[in-house]
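Two complexes come next, and they have one chain in common, chain A, joined by chain B in the first and chain C in the second.
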Partner chain A sequence: MNGNRTSLILSCTLAVLLALAGCNNNPHPRPLREKRADGTPWVVSHLRIPDDPRSLDPQFSYDTLGHAVIAQIYESLLQYSPFKTDPYELEPCLAEGMPRRIKNPDGTETYEIRLKRGVFFHDDPCFPGGHGREVTAADFVYAFQRIADPAVECPVLSTLQEFVAGLGPAYVEARKAGKFDYSKPTGAITVRDAYTFQLHLLKAYPQIQYWLAMPFTAPVPREAVEYYNGKNGRDPFKFHPVGCGPYRCAEWARSRLIRLVRNERYSATRFPAGGWPKADDARFTSLAGAPLPFLDEIQFAVIRENIPAWLLFRQGYLDRSGVGKDVFSSVITAGQTLSNELRARGITLYRDVEPGTFYSQFNTDDPLLGKNLRLRQALSTAYNEDRANELFGNGVQLKAEQLLPPGVVGYEPGFKNPYRTQNLDQARKLLAEAGYPNGIDPNTGQPLVLTMDVVASGAEDRQRAEFDQSQIEQLGVRCKIEENTWARFQDKQINGHFQMNTGSGWNADYPDPENFFFLFYSKNVPPQGSNYVRFSHPEFDRLFEQMATMDNGPERLEIIRRMNGILVEQCPVIYSFHPVAFTLNQPWLARVSSNPMLTGGLKYVRLDTALRAQKISEWNRAPAWPLWTLGAVLALLLGYAIQWARKQNV
Partner chain B sequence: MPIWLSNLLLLAGCAALVALLRAFLFTERSRRALNRLRRDRVGLACAALVALLLLIGLSDCFQINPRQSALDYAFRNVPREEGYSAPLATTTFNERDPKPLNGRHLLGTDLLGKDVFLQTLKGCKTALIIGGFTSLIYIPFGALLGILGGYYRRWVDDVVQYLYSTVASIPGILLLVAVMMTLGKGLDRMAVALSLTAWIGLCRLVRGETFRQTAKPYVEAARALGQSHWRIVVFHILPNVMHLVIINAILGFSGLVLAESILSYLGVGAPVGTPSWGIMIDSARMELSREPAVWWPLAAASSALFLLVLSLNLLGDSLRRAFDPKAG
Partner chain C sequence: MLNYLIRRLLYMVPILLGVMFITFALFNVVNTPTQMAYRILGPKASVQAIDNWLNNHGYLDAEGQKIPTYFNTAPGKSLFDSLYFRSMKRFATFDLGTSFATDEPVLGMLKRGAIPSLCITLPAFVVGLFLSLCASLLLVFVRDSLIDRWGAVLCVAGMSIPITVYVIFGQWIAANLLNWFPAFGFNLEGFSTARFIALPVVIMIVSGLGVDVRMYRAIFLEEVRAEYIRTAQAKGASHARVLLVHMLKNGMISIITLVVAALPFLIMGTLVLESFFGIPGLGNLMTNAIQTSDFGVIQADVYLGSLLYLFGLLITDLCYAAVDPRIRLQ
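Right, the complex of A and B next:
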């Protein structure tokens, strides 16, 4: 009996010790494999996403989160060049070359596209034998049919149907029939052969090329959509993506992890043969033409809170991190460089200007602000953006003097907006010319009252609103703040129920000036579009219509310059800033592209697993002294207890 | 509203309050209680502190011109800075580009360069408005319902009980947030929202006390003399439950100030630009996570809130002891 008990205790102790030996603070699940077939290490990258994507259906998903994953699984005809960001440039991806533009005599246009051969969909049970078949022109026909299918709810249909032939009628017909007929062609695409097709446009629209680089137009295998229908225990297609990109989705554990694994048959692109900055010659020359992707596995960990994600990054368990506002001051120094501590760890900081512009808006339909140009100019001249940037943007945002952000064709570096540098004397002069000397309304003898709508969901929003209010009130004008929820703010913008508001902005869907200037085109007043300021200027409209369909060139640039001049002079908005993003990479993660438009850039990323293992071990070494101290205290207590017990016995 | 009218209304309100208090203090019972209170040093110190804070609040309500209150006028020489500055610092709290300050600030300045000491004092006004307006709404309502329920009993009491049981069954903070979301932001709306829940405690208390009082011989005597119900309630019962109302009002005041801070902390309280301790504490969430942390706005607002709430509670306790008939 005693022997049994002893062996039981010993086994339990051994089991506990073994379990403890297996414990560490690595939060990630084990990789799919330890080694590649050739015996080299299996390379896994650990990245964070702040939530589960709503869907991984390329024709449906329209959020940054979804695109961060989708762009690794699906590829499109074109992609953004990893190195060319000023201006942004497109290059072929699934297409063999850039699409050939054909202008038809009736004003319509056709783009002829040839596909690369030997591009295969991921291996998946939806295909016969589980082997992905080759991507052909028919898959693009199907993708465009899906865009028009009401059941897919493609969010860009409303835009594309204006330009792509057949999408609008196909959608209407499907709505009437209650089902989309995939056996009927939409008229958007004509297949010339298995690897060549033509895309038909209703009118000139050079921006279509940018759409061909977005996931919406990515090829989707019909077999997968039909197989993954949510029945018989199978996921719906939006949760089981099957594409032809560099990675396939191996696992999606909701709220926990998305695991992507290298597509062994990927061949659509290779590492560029050149085009990188001269400074990177040493890094990239040896990689020129190398097969992609470099990583074997990507684990997107779903981490909702910023602080745990930051702590994991510090421990080395995340390869990349943004710089949140809450840790900004401890990470970025006064000179906008990395703090000494992080630099000593070998972490690299990247600062990228994003293709977007933020501004405060005037409702030009408003009887007061809409008609009084001088008043708008006065308010714009009074606003101190540099101080706002210092207070709310850690002093790192790029002050906006024009609508177009850097990298977009037409952006003028060094352009000075005469109404965007704070000059209170000039502002007061303009205000007097507007009919309100010292901010007093001559009709009432009281200060002029303006109402500003803001989204105030937190302390910083409120402080920002108070700052904006103070900028206007320094002219003697009174500014009433209307606090809104985001939904109510949007409603007011759409219905035009505001006088002025702050905190609006636009991030480029594609880096073309048309994607920014359309915000001020009079035919885009809601509900038709996003001209929330209700700006209407015949000259601007005429130039917009001309510019929108032109190819880039000196003539287009001149028109863009004139349009920019009109917006600067008319002040429908007060430009604030172009957002700047800070990214931190661990020493083992080599960054290749700084192009924020290239969402599928993980295929170019390389990682040094040996260095990561070494650094993680260094950074997570537990100090031994607490254990020794505890041991000493326990020994003392034990000694005292033994002595006490002996005395008691005596 | 013109400045002269708002100032006049403010003075009239203060005068009415003083007159009411004087009328109450002239009763025999109140005089005895006051005598007892004079011996309570803690109570007196708390009363003085509360009075001081309320006076500061009042001075910020009194407008000198459209842009300045009396309090602003008193601090007119305190300059505004470029951003954060630590208490008594000489430069702004900015590692990147520290700039010399225009003056010294006892408790530093906030993100927008406003003097934290002045903002803390201005928080008294918000506390006063919330505590004052809400009390003006809920005290008459709660006391009236309590007395009616306790005096008439039967179906009147049933209705009163049904009312407060129903309202009390809804979680207070949720109800407040829901009402604020419906009414929108504003101190007046917050006072209405807070009154919706604040009257219940007073009503229960007064109802119970009225039960006790109606059973007493003096009420029987008044009835026997043929006095009307109205006269009995107003001239006999009300003065005898008034001490409870005052104690409850003082203790309730501190609860209201706290509630304002909580609602402002949750983002549904005071509107943008209102100096409020709750908003200052809310902003500290961000400020404390800065490196190095900005602690002084939180310290100032929390201390002021703590001081006022503690003083009110201690004063309430002192008053309760003073009015206690069993006390010597």
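Right, the complex of A and C next:
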């Protein structure tokens, strides 16, 4: 009996050891194939996505997560050029050429667009025979109808209905009827032939071209929306995207994995014939005009926490990584270069300024701050942005001295804002001119009290709030901090129930100055728009209206310069920084484009699978000594227990 | 017995209504539906988009007016035509509604997450129970010795360290030192699923061991002083027999109450572990719902959690009566 038990224990231990020996630490599921049809290796890229997108419906999704995936599956009429980032430029994608702008005598405008032929939707069971049909003008009519459909909940309808004909009335009618009537044309698009259509605008709006590069206006096959209706065991359309982009969605295992596979019939774009920086000639010349995409499969692993994502990157199981706060100091040196250890591994660091601007806001409707220009200027002059950057931004953010970020038309490199370099003497002088010498309110004889709203969701937010408070209080003014949840903060911004707040900002929807200056246009005060500071300046408004509808050129640049000057002088906000993102690429993943606006850029990416396999095996050796140590410790314990038990005469 | 069962089932109704009342207050009064819509649609959402979202998610009536949270005092309306009572009516028929973030039926999401959660919690529970019983029996056996004192130190240390520390440390070891298992991830792939669950299961067992061992040790200590133990020893029973037959059997009466109450919760998964290991279970679902203000999922999860808790308590009482003949349910 005892012998049987011992052999059972031994065989169990052996089985466990064998199972352990057969284990590997690759966390990814197997690729769909091992080899391509021509026998060459099937190339898979493993990337992280920090959460599941809420939806992969191009007319609905409005977050970076969603767009990171959607932009590989759907393509639009235009796209951002992968290499032209200063300023950002558009180029045709599904369109044959850039849209032709027609100015009508009644002030309305029309854009005529011709489509490329031979662009097909992905093969999918929603089509007869499972073969994707050709993309035609009718698919764009349908896409614009979906934008106006209340059931789709398109988040940009409120902006587009201001400019695109017919969307607003179609939405109102559908809300009343409780259902959108897809048999009725909205009037937004007139089809000329299967490959040509006209988009009608209610007024001049050259920025429409940027919208034509976004997923909102991407063509969607009606068959797919009707087939994937969430009934009879089929997913709803938002979970089963069918587009015409370089990749099709092969699997979406919620909270785990989104697997994209190459669209074999993709033909809309090819690798650019030129335009890359001179230094990349050697890398790109041989690729000019090559068919896309290069990768066969992309696996987006849903990894919500930063620590495991970083571990997987270090093991080589992720091809790319950001640099989180928790690992920043071990990855980036004080000189903002890569640490020696990572450089020795062949990893490359990229530093990119994102098209956004962060700032603190003054409510210009506030009886105190709104009327007192000198007070706003004093507070702006007192604020030490460099110190804030050191303390809270690892010293890497780009200090903002103007509203427009780099890459946006109108950004002035080297521009010096007279109120954005800390100068306490100057600030005190301005404060005295504002009527509060040394921060004392002459009416009460007490320090002036300001209230600052902040979002406080953690220790760092509170430290940041205390720092902001100290910047104001160094002038002798008292600053009361009001901590809010994000939702409450947003509520106060919309209703104007704040005096000043910090931590606000704007990331470009599209890289046009209109998309930034509209935040200060008086007709955009909430609920109409996002002018949370309630800025109202007749000359600024006039210039905005003029600038918004102009084509780029010296005249427009001059207007932008004047608008920037007004904002600098009026100080409705204290500019903080333009965000800077760090990206790390593994040695086998060479970067092609640095354009943050080009979300669909994975089609240009190539990777060296042989080098990856070699490095992964180098970096993930499984040592046997912990096993032996564990065994020895257990044996010792067991021996001790047996001896002890004998002594106790159990 | 039957009367007792019916009475206990009826008690559940006010408790459930109360739990949901508080959840509703948190998500409709403290955090208004408009704020929730902003959380879900993002800071750039227009007023029109918010209004449309509220309408599509049942916060507006046919006239586009907001429906009151608890009681509808508008003239001509039923007092109970409110968000709270509408939800309660749904829950009474086990209609768990849809996610506010993705509009997916919550029932489907729960079904999808149950298996991955059980893959972790079930083995961790069974092995953890076995190990903590063994360890507590051992500590009782060597009570007041050096091993017992060091055991107490280890247990208290184990209780005091947050599970996040175990997770981060465990993943660091797995990824930097051992490279035997994936440091992250989950894939239901038959037998080799084991390589994904090994690390989280070990962490769950280790992190729970301290509490359980101290608790069971205290229970067994009560027993070890009982007269029947002295009798057994006086009759010459070996230490092993006294521990494993006499004491374990009687100590289990108290332990069953703890264990059975925990059983229904296995299906709910673990919040931190699932999130850090990317296990697509119910704990992960709940963490994500809280982070994204997905009230549709949260209220269904709270409802289900409360229901399981109440049933757990009921089953515990029934088991208690079944194993201990001195207890009668009245």
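Keep this in mind: the second predicted complex is superposed on the first by the 600 of 650 C-alpha atoms of A that agree within 3 Å, B and C clash if a C-alpha of one lies under 4 Å from a C-alpha of the other, contacts with A are read in each partner's own complex, and residues count from 1 in each chain.
Everything below uses one rule, namely that contacts are C-beta pairs under 8 Å (C-beta built on N, C-alpha and C of every residue); 3 or more make two chains touch, one makes a residue touch a chain.
Just so it is clear, the structure is predicted and the values come from calculations on it, not from any experiment.
Asker: When the two structures are laid over each other on chain A, do chain B and chain C clash or fit?
Answerer: They fit side by side.
Asker: Between chain B (first) and chain C (second), which, if any, makes contact with A:G458: first, second, both or neither?
Answerer: In the superposition, A:G458 touches chain B alone.
Asker: Please determine whether it is chain B or chain C that touches the greater number of chain A residues.
Answerer: Of chain B and chain C, C contacts more residues of chain A.
Asker: Under the stated touch criterion, which partner chain does A:P155 make contact with: chain B (first), chain C (second), both, or neither?
Answerer: It touches chain C, and chain B stays clear.
Asker: Just to be sure I read the superposition right, which of the two partners does A:E305 touch: chain B = first, chain C = second, or both, or neither?
Answerer: second
Asker: For A:R542, is the partner it touches chain B (first), chain C (second), both, or none of the two (neither)?
Answerer: neither
Asker: Thinking of the overlay built on chain A, is A:R192 touched by chain B (first), by chain C (second), by both, or by neither?
Answerer: A:R192: touches no partner chain.
Asker: Between chain B and chain C, what minimal C-alpha to C-alpha distance in angstrom results from the superposition?
Answerer: For chain B and chain C in the superposition, the minimum C-alpha gap reads 8 Å.
Asker: Name, in rising order, each residue of chain A that touches chain C in their complex.
Answerer: Within the complex, chain A touches chain C at residues 19-20, 23-29, 51-52, 54-55, 62-63, 150-151, 153-155, 157-159, 175, 236, 238-239, 253-256, 301-305, 307-309, 311-312, 314-315, 485-488, 490-491, 509, 526-528, 530, 620-623, 626, 648-650.
Asker: Would you mind writing out the residues of chain B in touch with chain A in their complex?
Answerer: 66, 82-83, 94-97, 111-112, 185, 267, 271-273, 279, 282-283, 285-286, 289-292
Asker: Under the stated contact criterion, what part of chain C meets chain A in this complex?
Answerer: On the chain C side, the touching residues are 31-32, 34-36, 38-49, 52-53, 55-56, 101-104, 109, 112-113, 168, 171-172, 174-187, 189, 194-196, 198, 238-240, 275-278, 280, 284-285, 287-288, 293.
Asker: Spell out the residues on chain A that touch chain B in their complex, using ranges where they run on.
Answerer: By the definition above, chain A touches chain B via 325-327, 329-330, 333-335, 387, 390-391, 395, 447, 454, 456-460, 462-463, 465-467, 469-470, 481, 483.
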